[in-house]
Each structure stands twice: as structure tokens, then as C-alpha cells.
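Note that chain A is present in both complexes that follow, paired respectively with chain B and with chain C.
And now, the complex of A and B:
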């Protein structure tokens, strides 16, 4: 697909998502738009991280700091726009007045530029050393910037800063609420980030990045200007991270350093591309949508601390068992199950594995809530759900890895999910549509796993785990 | 003048403690090339073990730490085995190994928050309150005791590395694994032992930490920059260099805290690291 075609398709998808968001926002599901903004924010952040981390192989642990730089650049601009305490003398301020108040998109752009410059500076200091030093320096940079912001009174210091969202924003002929406006803005940013990442991946630049990732010494020796390419990568990646963070003050309303510099952003920025698959643009997208949604569900059902734990455990599990993430698993599966072209049966099996993963993950989240709820009946179901959830996660991995035990385990997990869901319905008649849908899909998946093709596929490859020496 | 003298002495004592915190990283990162950024997490686990034993049984935190050294040694061997099988053997340690340790750091912190909450915890011991005075200079015992034990620890490790066969093998594994194989020594076993020792030092460092300051789960993050700054400046795996660099950072941090306020102190360590990386990446006593 050509780059311009991709952009058109992405914009069309974004428009559809925005229409759905508008519908949700004007009905009873307004919360979905808030959740959507967070997921989109993670898409931008993960894609940005991946430009340096996935393409060049340089780990940035300070994604949270770049993110917060964008947010604080916007706060500083917003404060500047109101000129508190005559911070600028009147003559200078009058010169600026025609430019003020800055619109949010221009503030986002400036936030991106600030973060990009920080990225360039840090890259210049550390990228001449081994990659590990860069990783450690990013950790250090996060704390330095955090300390600077805590001690910087103009943006509120550790007291934090409150931004009042405008009630309505006019976009062309439409009048949107500010949350809908932020949703639109994040969608545009997400499309921009994905387009940039994809264009880089398929250009000479991307080839250069890949050569750095695979063997930097060999790349240098064959004439790739490695330092310059790495600086480009840090700058672009930093700028996009800043843009991801720039709308944060308007989204949260009240921003303080500990939220903006939260470790959660840094961890998610690493975990999402690693889990999705770090060498392609689609990896961070898949990872961000999957993890972002799971975390939103976990936040409303259990607490936010638990969802951080889930991300951490998934990150460790994936780097050990699936080095190239979900994209890698799927590609490897297709190579053996449908070598010539992706057949509908192979795609069906991938969908079953994906459904198995989602059932497993959601099973664990809801079961954790049930265990904490207290009533003995629920706790018992919750305990069973935890076991079933873990089985589901293992089975989804096994299905894609063509392990001979996987179909049986997946069937067991689906049966368990049917049992637990029916038990839930029996205890309390709520959420009927979602639960009966789960039961129906699980039953269909079990039937699919009994077909002859699936049985042959898993018999033909009793142990199909290629372990590179 | 009194203030300056006190800040310098306080910094030296603090530096002694930093040496204990860093010596584990000097072994794992400096000698084995294993970028264990989860080291501070193990230190915090050590602190919490000292806290639990101290608050239930009333046993001295440093004695507790010495008692759990073998457990930490085994834990370290286990972690290295997982790391070796999953990453080093496949030659993927650069990107994924870092992410693995980052995940470990993060999961440990979140689990500690879930179990103990974010309250600050502290311990009771006879030497935590009193302060010796020599002229105008204060010697608070809560930093003197960790500093002395820490110097003992580093000296013992230095002797072990320089005098015993295993110790020399650890030094050698950093330079040439193939040569070690020719001596019919298994480099993986040597690395496992060395990593075990590195994690074992975290138990002691954790006990020192909770003696010096109250501890909550996310305190460990502040130490990442410090320990890597010290390790790099000390010359990556040189134990005397580590002690010198630790004292230097301690003094610098204490001077900043005295003259500019303690909210700037964390930035000192990290600024120190950035400057070190930019100006002299080989460190003070670098090879």
C-alpha cells in the first residue's frame, strides 16, 4: 500500500471512530470517550517509543518524562497566555497579544518541538556510547526533569496546576464539547504518529534504522551515518511523545508533577510495543489497543495499582515467551499453518487464539474483582475464574506456537469460561448481552477446534518451537 | 565553615552507604555486563525484610540482613538462570533483557505497594538515635554504622575477588569467556555465582537504607541514577573506584542539600551521571 493510500485509509478509520465516539458521547456511554482518549494517547506514545526502541533497538526508559515535557510545555504556554503577576512587562505582552490565546493544536505542536529538542540534546550527549548507557541516561533524565518541574514555580511546582477547559469548541461548522474536541485531536495525532512510523519503516531511513538495530558496527563500517540516524530517531520519537502528552493538562484539568511523570507512562510505552511486536508500525498499535483497553477495564473494575501489575507481568511474560510480540507470533504461525497465503481457516484460528487471550485476560480481571468482593459464592467463582483465565492465556500462546496440547487446553479454558459466565448469570442477572455473547462465542470456538483441519494441524507439528541456536 | 565541614563529613558517611548500594551493580553491570536495572528493587525488598523482622521480633536490621544473605544469593542465582536461558543464550539481551529487568523492577514495586501500601516504614535499633560529636562535627550513628559495615563489605569482596580462584574467575569472565572455558571453568556457572553475590549485597544495602531513612516502595527508583552514576564514574567494575565515586557523589549531594535545599538532591546524582557519560565515560579508575 502506498503511503498516501495508507493515510487516506487511516483517516477514514479515524473518521468512523470519531463518529462512533460522538454517538457514545451524546448517549449514556460518555465515559467511553474519556477511555478512548487514554487509549489513543497510548497509541501515540507507544508508536513514538517504537521509532527509537523498536526500529533502532535503543531502549528509552524515560518516555514518561518526554510525555510530561509536552504536558508542561502546554501548561507554561497557557500560563504565559494569561500573563499572571505581570510576568512579562506590558510592552512585550502587547506584542504577543495578537497571537494569544494559542489554540490547542498549536500548543501541541510547540510541546512536540520542545520534547524533540530535549530528545536531540540527550541523544547528542549519550548516543555516542553503547546503547545501555543511553537507556540508563534516559532513566536519569526522567528524574532530572521531574526535579526541575517540581522546583519550577511558574507552572505550579509540586502544588500542581489547574486548567479550565472551555465548555464548547467550534471546529468548522460543528460545535463540540471540549472532551469530544480532545478526542478528535488525539485521533488526528494517532493517525499522524502511525503514518510517520509507517513511512519511516518503508523508507531508506527505516533501512538505516534496521541496520543499526541488527549490527551497529557493521552498519557503521558499510557507511551508514549511524550517529545522525540515531539523532533523527530520538528527535522524532521525542517530539511525538511530547505531542502525546500535550493535551494531558486539558484532559485531566488538574495536573501535578507526579501524575504527569508517572512511571505508568514509561512502562506502558515500553510494554505496548514489546507485547504487540516492536519491529513494525502495527505492533505498538495492537499492543496499545489491547493493553490500553484492558487497563481501562481493570481501572473501573479493580484498582489502578492492579492494572499496573498486570502490565508488568504481561511485559515479563511476553519478553520471555514471545520475543517478537503478537505480530511475531502471528507471522510465525501463518508461515507454518498457511505457507502460501493466509487461508480463512488459519485466520479463524488466529481469531480463536485472540479470543482465548481476551477471555483469559478479562477472566483474570473480573475474577480479581470477584475475589475481593467478599461473598463466598462470588469468591469461589472468582478463584475458578482465575485458574481458567491463566489456562486461557497459556492456551492462546500454545495455539499460535502450534503446541500439541494447545487445542485441548483452549477447549478446557472455553468450557471454564462458559461455566463461570453461566454461574455469574445464575448469581445475578446482569450484563446479559455481553455474557451470553461470551458463551456463544466460546461454544463456537470449541466446535471450531474440533474440526479435522485443526486436529491434523496440531498432530503434524507435535513440537514446533524453533529455538535459534 | 561548620556547616561546610559537617556537610563534607555527612557526605563521606553517606558515600560509604552508597558504596554498599552500588557494589552489587559494579559486579553485575561492571563485570558481567548484565544491565540489572532491577537492583534497587532487590534493595527495597531487603529493606522490607529487615522491617518485618525488626517490627515483629525486634532483631537488629543489619543482623537480619546478614542472616538472609544466603537466601538473596540463591534468589540472584535463580534470576540469572532465567535471564541466561531466556535472553543471553539466544543473544537477545540488549533490548529484551533490559525490558525484562525493567518489568521486574516495576512488578516488585507494585507488589510491595499492594502488600504494604505507600506508607513510610522505619526500624528501631540502639544506634539510630544518638550522635557523636567531635569538636564542631556531628557523627550521627545511623550513618556511621552503615558506612563502617559497608566499607567492611566492600573490602571483603575486594579480597575475595583478588585472592580466591572463584573471585579471579569472576574478574576473568568479564574479559574473556573463551579463555575461561579453556581452563575448564564453566563461564555460566561463574556468572551465576557472581550474580548471586551481587544480589546478596542488596540485602545488606537494603538494611542500611532503612536504618538511614524511612522506606516506601518507590524509593528505589531514586537510587537507579545514583548507582549507575557511581558505577560508571568508578570505572565499571573497579571496587576501589566505586568507593571513591560513591564518596564524591555523597559529598556533592550533601553540599547541594545543605546550600540549595534537599528537593534538588535527586537531580544532583542524575546530572552527575549525565555529565559523567558525556565527559568521561571510562570513569575515574577505568580500564
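And now, the complex of A and C:
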């Protein structure tokens, strides 16, 4: 697909998501828009991190700091914009007064530029370091920036800073609430980040990045100007991370350094591309949608305290069982199961494995809630759900790894999920549509796994095809 | 014969250890030079100083009439000075075609801007054909054998369309027939007018390949001349066999 076509498709998807968001926002599912903004924020952050971390192989532990740089650039501009005369009269910047206050998109752009410049500076200082030393340097940078912001009174220091969101924002002929407006802004940023990442990946620049990731010395010997390319990567990555964080003050209303520089942002920025698959643009997208959604669900059903635990457990599981991430796992599967072109059998199995994974992960999160609920019936079902969820996760891995035990285990997991879901329906008549859909899809998946051509693929010893003499 | 590469009084120290001590060396256009010496004599350090992976402290390196001291390695590659590595260092996550696309896009493709995608692909396959790897074009380096990796290494160096190719122990650890394979390949490249510096331990290969041989011992050049004179040189014999 050409880059311009991709942009069109991405914008169309974004428009559809925005329409759905508007519907949700104006019905009683308004919270979905709040949650969606966080997920989108993670898509931008993870994609941005991946440009340096995944494409070039330089692990940046300071993603949270770049994110916060964007947020604090916006806070500074917002404070300036409230009373520009007070700060800028009789200075060299007097000419800027009529331009203030800035609109949010231009503040986001400036936040991106500031973070990009910080990224460039960090690159100059640290890119001669390799591997773990570079990672430590980025961590140090995060601590330094955090300390600077805590002691910078203009943006509120450790007291934090409050932004009052406008009640409504006019976008062309439409009047949006400010949360809808932020949702739209984050969607645009997500499309921008994905488009930039994908364009880089398929360009000369992307190939140069890949050569740096694989072997810097050999890249240099092949004529790749490695230092310049790494500086481009830190700048682009830093700028996009800053743009991800720039709308944060408007989203939160009240921002203080510990929130903006939160550990969660740095950890998620690393974990999402690693889990999704770090060498392609789609990896961070998948990882961010998956982990971001799981964390939002956990926040609503259990408590947000569990968020980092979920990320940590999944990251460990993936590093051990599938270091290439979800995209890598699927690619490996396709290479073995359908070497020439993707067959309907292979695509079907990928869908089943994906469904199995989602059912497993959601099953675990909802079961944790049920276990804590108190009623013995629910707790028992919750316990069963936990086991079924774990089975589901293992089965989805086995299906993609072409393990001979996987179809049987997947069937067991689907049967368990049907049983647990029916139990839930019987105990409390809620979420009927979602639960019935789960039951129907699980049954379909079981039937699909029983077909002869799927069983052939998972046979332990493939039958040798006789070679004609 | 005009000198393509001129190394004058080049020295390199690692802390207190003098790895190279006042090396003078020249290579003419299209010449085949063998560079030999016992282990630790500084051959690879010299290669690294010439190719830019290391920077020399004193002395000068001139290539094609330009001083290239202090120039980063990629710029030297752009000028037409390519190298292969002693241990193959392929780009592991890229297919063979993409392995060659990197130097093509960053050296030749830079000059001939707007080179078409199809033309690029064609050139990659041509280069793979040159070293006999066209059948593996869509595979990954991990699928290759040792000797195929060496060939890929040479093909990647060739993709930069060099005037001088420095082959650092391209044959170490290969079997007799594989060594002959690589020597034939190098001779074929030389016929296209590319000067080659061959760093090697396998004497039969060096003797049959080189027009001239330079000998390094403990960071100094002790002999430089025609192969048949070098093997009779008493200093070389002493360095290799002891007294």
C-alpha cells in the first residue's frame, strides 16, 4: 500500500472511531471516550518510542520524561497565554503578545518541537554510548528533567498546575465538548504517528535504521551515516513522545510532576512495542490497543493499582515465550503454515488464536473482580474463569507455535469459557449481548478447530508426501 | 602505476601498547596486494585504520588523492573504499536482498538519485549472482552456511562499487575447495578493475592471489615485494619460523 493510500485509510478509520466516540459520548457510555483518549495517548507514545527503540535498537528508559516535556511545554504556554502582558511586556518577546493565547493544536506542535530538541540534545550527548549505557543515560535524563520541573515555579513546581478546560470548543461548524475535542486531537496525533512510523519503515531511512539495529559497525562500513541517522531517530521519536503528552494537562485538569513523569508511561512505552512486536509500525499499535484497553478495563473493574502488574506480568511472559512480539509470532506462524501466500486456514487460525488470547486475558481480569466480589457462587465461577483464562492464553501461544497439543487445549479453554459465561448469565442477567457473542464465537472456534485440514496442520509427525519416481 | 591508497608513517597505540608503528604502504589502482603477518601483528588494526573503524594517531592515509584521516567510515565507503569483516557481520533481521540494498541505497543510490525500485532489485540479484547466492535471495542470513556468509560479506562490500576492496581474512576456517572458491571470486572482482587487499593466513591462497605481498610483524612492516621474493626473505622466514 502506498503511503498516501495508507494515510487515507487511517484517516477513514479515525473518522469512524470518532463517530463511534461521539455516539458513546452523547449516550450513557461517555466514559468510553475518556478511556479512549488514554489508549490513543499510548498508541502515540508506543509508536514514538518504537522509532528509536524498535527500529534502531536503542532502548530509551526516559519515555516518561519526553512525554512530560510535552505536557509541561503546554502548561508553560497556557500559563503564558492567560496573562501574556504580565510576563512578556518590555522584553524581547513583546512582539509575541498578540499571538497569545495559542490554540491547543499549536501548543501541541510546540510541545513536540521542544521534546524533539531535547531528543536531539540527548542524542548528541549519549549516542556514542551503546546498549545498557545508553539506557542508563536516558534514565538519568529523566531524573534530571523531573528535578528541573519540580523546581520550576512558573509551571507550578511540585504544587502542580490547574488548567480549566473550556466547556465547548468549536471545530468548523461543529461544537464539541472539550473531552470530545481532546479525543479528536488524539486521534489525529495517532494517525500522524502511525503514518510517520510506517513511512520511515518503508523508506531508505528505515532500512538504515534496521542496519544500525543489526550491526552498527557493518552499517557504517556499508556507507550508512549512523550518527546522523540516530540523531534523526532520537529527534523524531522525542518529538512524537512530546506530542503524545502535550494534551495531558487539558485531559487531567490538574497536573503535577509525579503524574506527568509517572513510571507507568515509561514502562508502557517499552512494554507495548515489545509485546506487540518492535520491528514494525503495527506492533506498537497492537500492543498499545491491547495493553491500554486491558488496563482501562482493570481500572474500572478492579483498581488501577493493578495496571503496572498486568503490564509487568505480560511483558515477562512475552519476553520468555515470544520475544518477537505478537506481530513476530504471527509472521513466524505464516512462514511455516502458509509459506507462499496467506491461506484461509492460516488466517482463520490466527483469528482463533487472537480470540483465544482476548478471551483468556479478559477472562482473567473479569474473574479477578468476581473472586473479590464476596458471593460464594461468583467466587467459584471466578476461580474457574481464572483457570480457563490461563488455559486460553497458553492455547493461543501454542496455536501460533504449531504445537500439537494446542488445538485440544484451545477447545478445552473455549468449553470452559462457554461454561463460565453461561454460569454468569444464569447468576446475573447482565451484559447479555457480549456474553452470548462470546458463547457463539467460542462454539464456532471449537468447530473450526475440529475440521480435518486444521488437524492435519497440527499433526505431530506430518505425513511424508510420497515423491513420484 | 598511480597509487590509489597511500599510507604514510601510520601509528596506532592502545594505551601503552603500540599496535602499529610507522607503517608505509601503497596500493595501485587495480592491484592485488596480499597482507600477511603472524597473529597479533596488527593486520586487522591496519585494516580498521584504513577503513575508518579506528582513527590513527599519527601518519596519514590518502585515498584517490584525498587525505582521509579522521573521516568517518561511511564517508570512506562513499569514496570507494569498501571492506569485508573478518567474522561475517550480516544484517540479521534483513533478507539477503535487503542486506545488499543497504549499501546500494546509501552509496551508489545516493549518487544516481531516483534509481528505480525495479532497477535496485535487479542490481541486488546481479550482485548475489556474482557470488552464487541468487537462489537464496529471499532468505535470511541465519539460513546461510559459513562460506555463504563470507560470500554475502563480499557481495555487500561490492555493492558499494568500490575502487579498493579490503578483504579481512575472508577465508579463515574454510575448507580447501571453499578457499579456492573465494580466491576465484576475488580474482573475478579484480578483473573488473577493483584493487584488492587480501589479509590472509592461508599461504597458498595468498601466494596464488597476490601480485605483491606486504609482511607485518609486531606492528611494523618488515618486507614488501613480489611473492616469490617474500618467501625467500630471511627476515620473513625468521618471523614465521623463529631462529
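Please note the rule applied: the second predicted complex is superposed on the first by the 446 of 469 C-alpha atoms of A that agree within 3 Å, B and C clash if a C-alpha of one lies under 4 Å from a C-alpha of the other, contacts with A are read in each partner's own complex, and residues count from 1 in each chain.
Throughout what follows, contacts are C-beta pairs under 8 Å (C-beta built on N, C-alpha and C of every residue); 3 or more make two chains touch, one makes a residue touch a chain.
All of these numbers come straight from a predicted model, not from anything done at the bench.
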Contacts of A:139 with chain B and chain C, given as first, second, both or neither: first
Most chain A residues touched (candidates chain B, chain C): B
Contacts of A:210 with chain B and chain C, given as first, second, both or neither: second
Contacts of A:274 with chain B and chain C, given as first, second, both or neither: first
Partner chain(s) touched by A:225 [first = chain B, second = chain C, both, neither]: second
First, second, both or neither for A:125, with chain B first and chain C second: first
Residues on chain A engaged by chain C in the complex (per definition of touch): 204, 207-208, 210-211, 213-215, 217-227, 279
Parts of chain C lying in touch with chain A, wherever the complex brings them together: 51-53, 72-75, 77-78, 82-83, 85, 89-94, 98, 101-103, 105-107, 109-110, 156-157, 159-160
Chain B contact footprint on chain A (complex, rising order): 53, 57, 59, 61, 122, 125-126, 129, 131-133, 135-137, 139-141, 143-144, 146-148, 150-151, 263, 267, 270-271, 274, 278, 305-306, 308-309, 311-313, 315-316, 319-320, 323, 467-468
Chain A contact footprint on chain B (complex, rising order): 35, 37, 82, 86-87, 90, 92, 94-96, 98-100, 102-104, 106-107, 109-111, 113-114, 218, 221-222, 224-225, 228-229, 232, 263-264, 266-267, 269-271, 273-274, 277-278, 281
